[in-house]
Amino acid sequence: MTPLSRDALARMVALHLPEQGFVNLGIGAPTHVADYLPAGSGVILHSENGILNVGPKPAAGEEDWDLINAGKMPISLRSGGSYFDSSLSFAMMRGGHLDVAVLGAFQVSKNGDLANWTTGDNGSPPGIGGAIDLAVGAKSIWVMMDHVTKDGRSRIVERCGYPLTARGVVTRIFTNLCIIDVTEDGLAVRALLDGLAIEALRDRTEAPLRVMGDPLTIRQDGSVA
Amino acid sequence: MRNVVVEDAAAAVEGIKDGDTVMMGGFGGAGLPLGVVKAVLDRGVRDLTLISNNAGSTEDDLSLWFEARIVRKIVCSYPRSAKHFAEQYRAGTVELELVPQGTLVERIRAGGAGLGGFLSPVGVGTVFADGKEKIVVDGREFILELPLHADFAFVKGHLADTLGNVTYNKTARNHCAVMATAGRTVAVEVDRVVNVGDLDPEAIVTPCIFVDRVFARSSR
Amino acid sequence: MTPLSRDALARMVALHLPEQGFVNLGIGAPTHVADYLPAGSGVILHSENGILNVGPKPAAGEEDWDLINAGKMPISLRSGGSYFDSSLSFAMMRGGHLDVAVLGAFQVSKNGDLANWTTGDNGSPPGIGGAIDLAVGAKSIWVMMDHVTKDGRSRIVERCGYPLTARGVVTRIFTNLCIIDVTEDGLAVRALLDGLAIEALRDRTEAPLRVMGDPLTIRQDGSVA
Amino acid sequence: MRNVVVEDAAAAVEGIKDGDTVMMGGFGGAGLPLGVVKAVLDRGVRDLTLISNNAGSTEDDLSLWFEARIVRKIVCSYPRSAKHFAEQYRAGTVELELVPQGTLVERIRAGGAGLGGFLSPVGVGTVFADGKEKIVVDGREFILELPLHADFAFVKGHLADTLGNVTYNKTARNHCAVMATAGRTVAVEVDRVVNVGDLDPEAIVTPCIFVDRVFARSSR
């Protein structure tokens, strides 16, 4: 059993985004989800620095540094896109107008608490950016992350040890091992990596996991059946 | 690709029901979606809460709603010169919540922007402060004003593309651009629907994320 | 001694507006001030329904009912003008960006309280519009009104009898008899209609009036010397 | 006629003094008025309070202000990857007020719009709520966030006419349009100054009422 690659994880998330949905992909790993959107998905990407209908990164030499995403990387604008100021951009987020925000995380708790902005005081200046606004406002908050830390500890926890970004907001978790829905009755496994037994997943997960019916199977390419 | 264009005003008001809260754009006639005024009448709904700057003035605008007695309450800044509204106001058959114009639009904005309210200096020491929480910041008194939301926001735009991006015409922009952020369902009556790519990305006032339905004003 | 005509009062106010100032003329009598702005004054007119650099009313037959002022009358846009939504328009007002708002009034008190939106419950629906936002936000609040009511009672009072629009906001009062500054030390007569004695003005004024030096003289055409 | 065009960045920062609060537009390099960055340095002022999304990242941006140690405090959402700031932060010689990005821009908007504050759901139940007043509306908890004002707001526009109307370029609009409403003195660095009448009245983002000074970015 090999955990999903980063690319396959991004692809898995991309395949789940609602058609024609308005989606913000957080900085870092979530940004790569854009590379795997199915043709014709109609998904419209938002970036919190003031742009709707973000297109792919321009060819080398074609970069316009007045046209960047929230990760400060050059992008393009699709036909039908628009520019606006930050106050309207965050009104979109805080006001619940985005269908999905896909965020990275350090930890998610069993009730959907999110910790994704700092691992605590390490002498470096902290930075919060727009992560917290996204986490509060979007209709669905999806997290994508490795299931466990480099030293094997579960990132899906009883209670977050790191400073919180927001309480009880995460609705779905995509990891390199599974897909979990955060429900009122706790965490429910929706899909499981091919070849991984539910008990093996539970061994790697601090928070209790429920299974409803037969979980779907996640293939190595990130597709789910 | 996303396409929010619907056939006509009747389709734009689909789903509206008795007791709904409805925002109607416009300052006077500019920005008022006239096709919607009539389509809502045709639906036969009642007991609406209407959020609008005015209460109509001629026979051919929101006056029709008061004449037909489909409004239970209006949240409004300037219901003067509205004959049918005035009659019902005097008869006590319609409720009025009078709100200063800037506070009205800011409360609508707060609704659309996910804020819980704001502290306003407008109305302090007047009847407009009655019954509202007072909050002192740095020794200055403010009134806590609460957000407004609506089941439907209907506004009049100038051009819209099929994705739902909208521009407005001159002073008809008024409350429309803000209301378009604050309805659960937002429908825009426009002069003309254009193709995706026809609108300048720098000049789009209401990005398509806010817009659920668009229809072209009937030329009849 | 003939009180100033409405036109002369409008002209007097127009002549006092700061060059290149940003000014809102309230609905009713203040709107006519626009007709008397000196050529080259550079005054830029704002209307709260979302327009800056309001121009004169269009010729008959040229009206555009999407281009109106706060009184819902057709206007034009001067070169360099702009359109914006109501939230930005009222941000201009509430945020103190206008240099002067000129408002009509029923009463002004000696400390600058303004009553200009209703004379009380007469069975008609009340209307407030943007009067109160203007009265709170502009850097200077000027009132223009007849000095006394039709039945001869002073509109400049110890304490407003009508419901207040805002407390302590009026900075200057232009009447058909005089110009009065509202100062921390009370009402100070700045200019007086030609031929009107200060004692005669006091007879027509409920609130106490101070005189600083020699008041200027207001001519019948509204000019002041 | 009003004409707010000044010669250069030095003229645009005229009057800035020790201890002033300064807003600087920009998200990363987009929207940062680079001529102003250098002109402020040249003035030799100190002890500034800086309101900005970032704290610089390269040698050629706000990093210069931290290198020159002219900032006493920064109000900011994302001061990561800012080498000179980080050094002073670790040394305790600069104060940081960390504000979520949407709250930052909304606080600036509140300052410009004359509001006393607003109720935000952002940060409830986190360290960002510490020390702030909590207000419950309809059973939901909000944080009272207070407005930000500045002695100077400096932003980067695309085009400005001589009256002071401004447009922006693409995502460089970001915080600039909002900051341009909130400074006691607002100066805009633009790519090009144009004649009155050259800008589309529907597409002007910052109307001239907010703008005190405009200068064209040096082509050097």
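Note that the chains take the letters A, B, C and D in the order they are written out, and that residue 1 is the start of every chain.
The criterion applied here is as follows: a residue touches a chain if its C-beta (ideal position, glycine included) is under 8 Å from a C-beta of that chain, and two chains touch if they have at least 3 such contacts.
Not measured: the values here are computed from a predicted model.
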item: Relative to chain A, chain with the most remote C-alpha centre; value: C
item: Mean-CA-position distance for chain C and chain B (Å); value: 30
item: Inter-centroid spacing, chain D versus chain C (mean Cα positions, whole Å); value: 35
item: Where chain A and chain C are represented by their mean Cα positions, the distance between them in whole Å; value: 56
item: CA centroid of chain B to CA centroid of chain D, Å; value: 32
item: Where chain C touches two or more other chains at once, by residue number; value: 77, 83-84, 87, 90, 93-94, 136-137
item: Residue numbers of chain D (touch at least two other chains); value: 106, 109, 113-115, 120-121, 168, 170, 201-202
item: Category of the chain touch graph - line, ring, star, complete, other; value: other
item: Touching pairs - complete list by chain label; value: A-B, A-D, B-C, B-D, C-D
item: Footprint of chain B on chain C - complex, ascending; value: 47-51, 64-70, 72, 77, 83-87, 89-90, 93-94, 123-133, 136-137, 163-167
item: Of chain B, residues touching chain C in the complex; value: 27-31, 55, 77-80, 82, 85-86, 89-90, 96, 98-103, 105-106, 109, 120-128, 168-178, 205
item: Chain B-facing residues of chain A, complex; value: 20, 22, 42, 44, 46, 52-53, 77, 79-84, 87-88, 90-98, 136-137
item: Complex contact set, residues of chain D against chain C; value: 1-2, 109, 111-115, 161, 163, 165, 181, 196-197, 199, 201-202, 204, 207-210
item: Touching residues on chain D, where the partner in the complex is chain B; value: 106, 110, 113-121, 135, 137, 140, 142, 144, 146, 167-168, 170, 200-203
